[in-house]
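Below, each structure is written out as structure tokens.
Two complexes, one shared chain (subunit A), two partners (subunit B, subunit C).
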Partner chain A sequence: MTATALPLIPLRPARRMVELTIDGETVQAPEGSTILDACRHQGKEIPTLCYLDTLHPVNVCRACVVEVEGSRVLVPSCSRPVEAGMVVKTDSERVRHSRKMVLEFLASSVDLSTTPDVAGWLEDYGARPERYGPPAPPAPPGFRDSLQPGHHAPPDPDYAATVIQPVKVDNELYVRDYGKCILCYKCVEACGKDYQNTYALTVAGRGFDARISTEFAVQLPESACVYCGNCIAVCPTGALMFKSERDHRDAGTWDESRQTVTDTICPYCGVGCTLELHVQDNEIVKVTSPLDHDITRGNLCIKGRFGWRYVQNRPPDARGNGRGGDGRPRGSA
Partner chain B sequence: MDLHLMDAVATEEEREALDQFLGAPESGWEGGLRDARDAHTAEGGHEARAQRHLLLPALQAIQSRIGWLSEGALNYVCQRLTVPPADAYGVATFYALLSTVPRPRRVLHVCDDIACRCKGAAELCEQLERTVGPAYHHGPEGDHVAFGENDAVWLRSPCLGLCDQAPAAFVTVAGAKPVERLFGHADLAGLQRLVAGELAASLEPRGRLPQAGDPSLRLLRRVDVIDPTSLDEYRAHGGYESLRTALRLGPEGVIREVTDAKLMGRGGAAFPTGRKWEAVARQPARPHYLICNADESEPGTFKDRVIMEGDPFSLIEAMTIAGFATGCEQGFIYIRGEYPLATERLQHAIDTARARSLLGEDVMGHGFRFDIEIRRGGGAYICGEETAVFNSIEGLRGEPRNKPPFPVQVGVFGKPTLINNVETLVNVVEILRIGGPAYAAIGTPGSTGPRLFCLCGDVTRPGVYEVPFGTTLRQMLDLAGGVAGGRQLQAVLLGGAAGLFVRPDELDMPLTFEGTRAAQATLGSGVIMAFDDRVNMVDILLRIAAFFRDESCGQCVPCRVGTVRQEEALHRILAGRPRGGMDGEAALLEEIGVAMKDASICGLGQTAYSAVESAIKRLHLFNGARPA
Partner chain C sequence: MFGAGGGTTSYREVEETDVIFLWGANARENHPIFFHHVLKGIHNGARLYAVDPRRTSSAQWADQWLGLNIGTDIALANAMAREIIHAGLANQAFIERATTGFEDYRRCVERYTLELAERETGVPAEVIREAAHSYARADRAIICWTLGITEHHNATDNVFALINLALLTGHVGKYGSGVNPLRGQNNVQGGGDMGAIPNRMVGFQDWTTEPAVRAKFEKAWGVPLKPQYGWNVTEMFGAAERGELHALYAIGENPAQAEADQHRTVKLLTELDHLVVQDIFLTATARLAHVVLPASSSWCECEGTVVNSERRVQRLKKALEPPGNARDDLWIISELARRMGHDWGQPSAEEIWNEVRALAPIFAGMSYERLERAGGLQWPCYDENHPGELYLHSRLWHDPVEGRPAPFSVVEHAPPVEQPDAEYPFMLTTGRRLDSYNTGVQTGGYTSPLRRGETADISPEDADALGIMNGDPVRVTSRRGSVVAPAHIDRSLRPGLVFMTFHFQDEVKVNTLTIDETDPQSGTAEFKACAVRLEPIRSADAVGSAADAASRSGG
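Right after this comes the complex of A and B.
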């Protein structure tokens, strides 16, 4: 990576090491690091969905649970700090069972077709989401947004309840397909206290009816959203997606093997965020910034994230991927 | 944060409702009239955002005035408190007593939970459906059932904490003088009259304590004996002697007595109270906060209500002692929103105590500062979980936090916090009255002191009963007059919906922590709910499963989806279409249950399978009559 290689490593005091046992092996880990850090250091694979090392851990998906001796219940490895003398099991029957169930619960209620890695985990853990019955028909538009806390109608015994619903397309830049949402809270954190401080998104409702929402589920253009796209950058499921990517996917033309990623610096302002341009067939299809970048931590603003259409000096696109294909910045006559 | 408000504007009445609670806005920034100064000043920063903890009471102020929260109303709340509208919407949609869709002013919450089902609540709801109209719920397109001619609707409610007077209902009438009444022995005619607009103000609030005046009582000795609104009567019956003792013993002395008494928490988790107090007292971070957990929403539980309604000063005294011992200057009572009478009595007790210097700057002239504020819940069982209480008080969604850190280190507002159940706290008054060692001599060595049990369901005399620990389940049922109508006992639910069923041949189980543990049962919050031979246990089980699905906060996957899958499996069984046969469903339920127990964040998910498991394994519910 180009920009991240700059010698900007902050000076930190050397951390004390603690000794713990993971799957029978004695290991050392820096104080304050998590069980997950220690496991990854050992090269152990632990599935994670709601964890991202640039965000505060919310430990809600429970895919990463491990057994810690002396603890009545399993613990989320992504957020539990290591302690001296801890005895951890990462692959016991108990651990494998809960992980399998978490994966089954999600796969039977959410469209995971664009969640990376999950297909492999489902297989590894022997998950069988189909055993809860055929998925219920998709909810009508707006239905899940209207659900009120409290009493619910009895379930239909012939179907497994899901969160499948129509995709929300209410702006030109990105789409929200909450039928793919696993409620990992990452977008809420990125939009609110962790980075963007815009607070356009919240979790609304309760229990299985909980969903990501704006105030009164208004459309994005009416909400506080400033289209920084930082929620898209952290969404692990493809529920939030560039409209350009979504259009390609819907047209069956999305092909990552044909894509290149080019690093550059955002031309708009003096901050100089690193941009990664994802290009397919000589067309920018989305823009990201490296999560481990010291300045951006993966975040950008609307200009860096979406303001690249002017680069593509081509006639209006027949595939309909965006306006302003005349080579001029939008808004210029 | 750049506060981006909506365009919607609050009505005059909505503004008035909020201004009454918060005071008039001081500037145009907060939604007041703009004047020339506003162009040269700005409101914001930490000070403005520090009002976040007022969010829930602010929403409640509008809800109780208007009956629901419109976009304009929410917008005004956000402007006054500097809260992003999306955040406020997330909070408002968390609570069942708040509504973000239009609701008429008059709402009847009719309990159809398990204890009330024993007394015909399911049939009552069906009759309401036929005569008044369907419960206010979602149509298939997400629309809401029309209100009809009456400016009233009814809703199905989880347990209202009035199981001794089942079937119970809670009526709220929004307006400038809002009315809230929790009442028992509801019948169709009465509910119909309420829907039609009859005044709710005269409804009989509570029944009588079965043991009232019994000289052996310790915790309940003043209930239904003294006037609960009279501080003088409270003092004449020994009130505030324990606080005097506490001030003499000093904080460490008090904690020593509580530790010697071997008091264990009565909120469900049975944690040693002395250890908790000591841990909070020792925390260097300041301030320390005290919270009395009065959320009492575990189905079948109503003991705390009886104390708060019948002897409110004892809780105020107990909290003052706890605050003194652990270095707290501010206490909160987090009480469920469905307890208007208890709230009123406690507020009166707080005001009276403050006027007599038993609260405030200089408690009993001892130079110790302590005060109490009441916070009302919004209709969410999960908000009784200790860390969810913190979030609810802070104006966040009532989602439990991950532990560690534990409340004694990082609690409400990020500070060391002591949180105890109402009954736990009230025991401290007794401990200081008779001394820790004498208290420890009551009950059994492993379970000391008196204990309150909530007898309900099919017993002759339902109510709260106080007994020393060690009394057997059979003795408790006998105390309540046995199974009503001399019928056959089918099962007992111990510890509430989060507890488990036991069989009629297990009645000799001593009701102690160790005795129930040995029998692989639990005391939980002290619920003893009896079911006679007429009760359809599958129906009860379905209601419990529905309860957990309704009340899950939705944060973690095992509970959010597990409670749904559990309920679906039970419905497949009921419908006679079990997948993979009965054994298949039982095995699936077990798999779901184990994951909920092992991998959920909090006690709700961890116990959501408990009752179902015991019905399968102890009652062998699905072995006998196997649906085709």
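Right after this comes the complex of A and C.
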């Protein structure tokens, strides 16, 4: 073996820069990039919910809409490519009004208590979800999953319609709390063509009855799910959550201020996936992977995502050491 | 390959190649995140060929499944080669410039007609022909393999057969073309890279043939080195049997359950004068030990590095304090040295790594700081300005070739040592399932909704013939041992084939069945093929014990 120069990789043709105006300022952005890319490059904060760097945009949440001069409707900045001469307004009255509506609709119908940043956005845009009335009581178990396209019940004028429903806990690894689901499609994309290609999840139903579902709404253990957790990793609202996190939250012991996040490499196969170990009180509480690493792009398999428990399963007499675990001795595997 | 033991390609190349062969590799389950890259390749238009006796979950994504009989890989590869040569699809210019031994190779494969290959492998001649043409005609093509190739008595020959195909077509040494063994453990690659193999020092340096290498290490360590190779694990057990090996120090290894022919392995371990086990668990091997040294978990309780299947050196970092008296491997080894009269102090992982960099040129440019910043670097990386190599052997495309040309290897088909016969009419092959890992020591620690415990997976046809229903207990017996497990009817299996894992060794000792018939060059045992017979168990007593085994392993 000898030292060689960098291998010649076929590169895409160099991208030209296009010039556009954002909020009155002339800016340059590479051809093919999106308005959102250009705005973020300028340091402008645009709210997003269904957008993620590593997924194909599906344009459903409408939180990131901006005004483009000459366009009849507001455009989703997360997927609209920049064009030369484009005049973009990111904070016009029309944009603000639209975002306020979107946030009010979401916040009045969905539990956003574990959605990061949303409280600030509600305040920024003057959204008042409470003006739609008190939230409707939770649907009985399985009710929303049984709704058929074309059969809509008339809305109850005394309440704001909601998607609140009982939490689905049907396995030891995931919790699905669809009362927190905004139908952003990220889980569907991650489970489907973008990464996992398992297609265990899709959107069932129409209109307000639409919901994320397994095939025939079967429980997760009966579905095609392979428990990679890649849906949880992209969920923006906490509707999908690791059971380890949910259990801590339910017990009131989840405290991110006491957590450290350490990068290391998965102990299993030889692919070399980077794991981010979220540790609280010397105990791993969840595992993620960085979105910006080329090997995983944020994805893991069941072993990397959940196979860490063996390092902290301790015999009961060792628990006084502040180590927790589920009580099994480390040698009992 | 060709002197340095590492895959020639990077994962991202799989996304941009035209033809992918997964040969004896079920990446969908065993390398799931690598398979994400394969899937991107498929969505980008690549053709996937899965060569596997089982129609695995990877094969279900393939354009073509080549469901060969176990251990007939060389017959298949050589027939593909003959077809490529006869169709005029061999890359003559590449062969002439960059390889040696083609004439001998051509004569060897001439015998492997499509008809002969169809008889030996069970793969239709037309399918072999199409696969050969597709591979040879592609602009870019990558062959990946795993233990389906290497867990055979002729493992090394199997690997050579695949490398031959790459040389024949020039599918190596350029972006999007290459050969890649997918590593099964997070530091298999790193173990070899670091010299934890009996015939190389760190960085694949041979101190027995190169005096300069020997002098370098003797100077660095201040001790004379014997110019002779050590033993691999298989040879160690052979030496123990001959009474030449008396003591064993096993670090993070569970041979009592992981090695083939378990009865023999346990006997040899028990008879050792001194057995030291350093592990994070009290494993089955540790229970046989005279001394157990409790270690900390290398991936989350220590600092260090591992190397992955694309030759990427990656940092391990400490996130947890280890329990009780568990100690860092480095501390234990340094302390052992001190008590043996060599005071090394207590070097940090980074200090050790810097010694590696000083002694092995291929790692010289990889400082901890650079590894951190780049998310790992791919060897070779000769200095701090070297970006690392995406793929190996671009030198073969230089004219004239830099260094030694790549040799073809003459390899002949040799079927598995055991063949089905009247007494043992089935072939047992072993492997992993998605949610579990090796002997289950680690994965036994978490609850998987996918896990069903050990089962004897059989084809629907064989189940019918034997009157076995899903879940019925069956006795699986080889010439070495016998186990009972519930049957699982698996449509991915062809008649005559039985599949089991080795994840639940405490309940079902599958490695009492496997054959310790090893490859003379690599020392790998033929875990992938042994003859067994199947007997449904009818008596109430045996049903109870099998059901018990199944329920205990189900957690």
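Everything that follows uses one rule, which is that the second predicted complex is superposed on the first by the 300 of 333 C-alpha atoms of A that agree within 3 Å, B and C clash if a C-alpha of one lies under 4 Å from a C-alpha of the other, contacts with A are read in each partner's own complex, and residues count from 1 in each chain.
Just so we're on the same page, a residue touches a chain if its C-beta (ideal position, glycine included) is under 8 Å from a C-beta of that chain, and two chains touch if they have at least 3 such contacts.
Predicted, not measured: the structure shown is a model, and the values here were computed from it.
Chemist: Figure out whether A:Tyr132 sits in contact with subunit B (first) or subunit C (second), or with both, or with neither.
Modeler: The first partner, subunit B, only.
Chemist: Once chain A of both complexes is superposed, is A:Asn197 in touch with subunit B (first), subunit C (second), both, or neither?
Modeler: both
Chemist: Could you tell me if A:Cys228 is touching subunit B, subunit C, both of them or neither one (first, second, both, neither)?
Modeler: Once the two structures are laid over each other on A, A:Cys228 reaches subunit C alone.
Chemist: Once the structures are superposed on A, label A:Pro157 by its partner contacts, choosing first (subunit B), second (subunit C), both or neither.
Modeler: It touches subunit B, and subunit C stays clear.
Chemist: Going by the contact definition given at the top, which residues of subunit A touch subunit B in one complex and subunit C in the other?
Modeler: 197
Chemist: Along subunit A, where are the residues that touch subunit C in the complex?
Modeler: Against subunit C, the touching part of subunit A is residues 1-4, 6-10, 171-173, 193, 195-197, 220-221, 225-228, 260, 262-274, 277, 279, 282-284, 293-297, 299-304, 306-314, 318, 321, 323, 328, 330-333.
Chemist: Which positions of subunit B touch subunit A when the two form their complex?
Modeler: 1-2, 4, 6, 71, 74, 84-90, 93-96, 99-101, 135, 137-138, 140-143, 155-158, 379-380, 397, 402, 404, 542, 546, 549-558, 560-565, 567-568, 571-572, 574-575, 577, 579-580, 588, 591-592, 594-595, 597-601, 606
Chemist: Using the touch rule from the top, collect the residues of subunit C that touch subunit A in their complex.
Modeler: Checking each residue of subunit C against subunit A gives 3-4, 11-12, 30-34, 36, 39, 43, 61, 174-175, 182-189, 280-283, 297-301, 306-310, 312, 314-321, 323-324, 362, 375-376, 380, 382, 386-387, 389-392, 394-395, 402-403, 434-435, 437, 440-450.
Chemist: Spell out the part of subunit A that touches subunit B in their complex, as residue ranges.
Modeler: It comes out as residues 58-63, 65, 73-74, 76, 79-80, 94, 97-98, 101-102, 105-106, 108-109, 131-133, 140, 142-143, 145-158, 160-161, 182-183, 192, 197-210, 213-216, 218, 222-224.
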